[in-house]
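Since the structure comes first, as structure tokens, the remarks are kept for the end.
Order of writing sets the chain letters: A, B, C, D, E and F. Residues in each chain are counted from 1.
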Amino acid sequence: MKLSARNQLNGKITNVDLGAVMANVKIEIAEPGVITAVITKESAESLGLKEGDDVTAIIKSTEVIIGK
Amino acid sequence: MKLSARNQLNGKITNVDLGAVMANVKIEIAEPGVITAVITKESAESLGLKEGDDVTAIIKSTEVIIGK
Amino acid sequence: MKLSARNQLNGKITNVDLGAVMANVKIEIAEPGVITAVITKESAESLGLKEGDDVTAIIKSTEVIIGK
Amino acid sequence: MKLSARNQLNGKITNVDLGAVMANVKIEIAEPGVITAVITKESAESLGLKEGDDVTAIIKSTEVIIGK
Amino acid sequence: MKLSARNQLNGKITNVDLGAVMANVKIEIAEPGVITAVITKESAESLGLKEGDDVTAIIKSTEVIIGK
Amino acid sequence: MKLSARNQLNGKITNVDLGAVMANVKIEIAEPGVITAVITKESAESLGLKEGDDVTAIIKSTEVIIGK
């Protein structure tokens, strides 16, 4: 499946922190460093996310704010 | 001003495409390549965005989807 | 690739309306009717979206508001 | 009140899972199955959401990603 | 219909600017009130947020739904 | 740093509620001001939005970024 989301950054998970409903996942991408994703705990478990996983951080372009 | 948004990627604008209401801005970040941001034309003009500008792409962590 | 986004509705595109920067895409899903997606024109063209295409509407659960 | 949000799917709540700050709510809609909404626990309590409630899942069209 | 969205600010439209696909709408807000923000605990701690802090609530215009 | 986000409301924090992963922050807004909403042209026409209309700007709390 190809996605309309313009931003798809490949990286490796470095940490998964599960709360009751949400999970905070750290993804190390090549250069600018680390992407933080907050997803449901349910998703984190359903995808079996764990440190070392190769994943893609997907971000729709309307969600990006520009600072200058 | 410090922002709560966890993801702040520094880069350089490589293209600004203005529509009637929205603008599509390409930002080259160091490694994974290019970030696409869609913002209002009004914002693009108010910040005076143009090719070569050093900017920051700001993304709230709740907006990131993970693909695996 | 499996996605963390909890909501993935299969449907068929019934209309694509291209603006200068954005595109409005109508997706007929089985029952509740039609989903409207606004994506970049760039994405619509890159995916070659057209009437009759089988697609998936993907929606992160944090983006859903509940009305009662 | 009419809403600008293009996507308003009627359904019935099948589960409410409360965390400390967030709540995960499952809404069964007619056909494609189940919609997951993550909202604040505060909202879930303020609306008194519970299994069997008839609700509407409201999604702004800019939040929909298309997969093909 | 009551909405789960915590922030509902009443106001009056002062301008509507139509593009091909999107529209930019200006709303003059009648009364200030309280904004609810849900951010990561990590951000709240990193910014040291506490009662009495002067802060700015930042909202991208694509995230606003209009009710009428 | 100037931000492309059109809506930046100054206020004072009145409460911070920390969960395991997320935090709910209440901000009392100092002055009303103007909200910018970008919606589909289709919605603007469907609701018949025009200058002088009394409307409600609806914003889910997960969409708010805090600057301090």
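In the analysis below, contacts are C-beta pairs under 8 Å (C-beta built on N, C-alpha and C of every residue); 3 or more make two chains touch, one makes a residue touch a chain.
Just so you know, these numbers come straight off a predicted model, no measurement behind them.
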Third chains touching both subunit E and subunit B: A, C, F
Cα superposition angle of subunit A on its copy subunit D, in degrees to the nearest 5: 120
For subunit D paired with subunit E, centre-to-centre distance based on mean C-alpha positions, whole Å: 20
Rounded Å distance between subunit B and subunit C, as computed from the means of their C-alpha atoms: 22
Touching two or more other chains - residue numbers and ranges from subunit E: 1-6, 18-24, 36-40, 42-44, 47, 49, 56, 58, 60-63, 65-68
Touch relationships between chains, expressed as pairs: A-B, A-C, A-D, A-E, A-F, B-C, B-E, B-F, C-D, C-E, C-F, D-E, D-F, E-F
Residue ranges of subunit A in contact with subunit C within the complex: 1-6, 37-40, 42-44, 46-47, 49, 56, 58, 60-62
Subunit A-touching residues of subunit D, taken from the complex the two chains share: 17-24, 36, 38, 62-63, 65-68
Partner subunit F, residues of subunit C touching it in the complex: 24, 36, 38, 62-63, 65
Contact set on subunit D toward subunit C in their complex: 3, 5-11, 24-25, 27, 29-32, 35-39, 43, 47-49, 53-68
Footprint of subunit C on subunit E - complex, ascending: 1-5, 19-22, 65
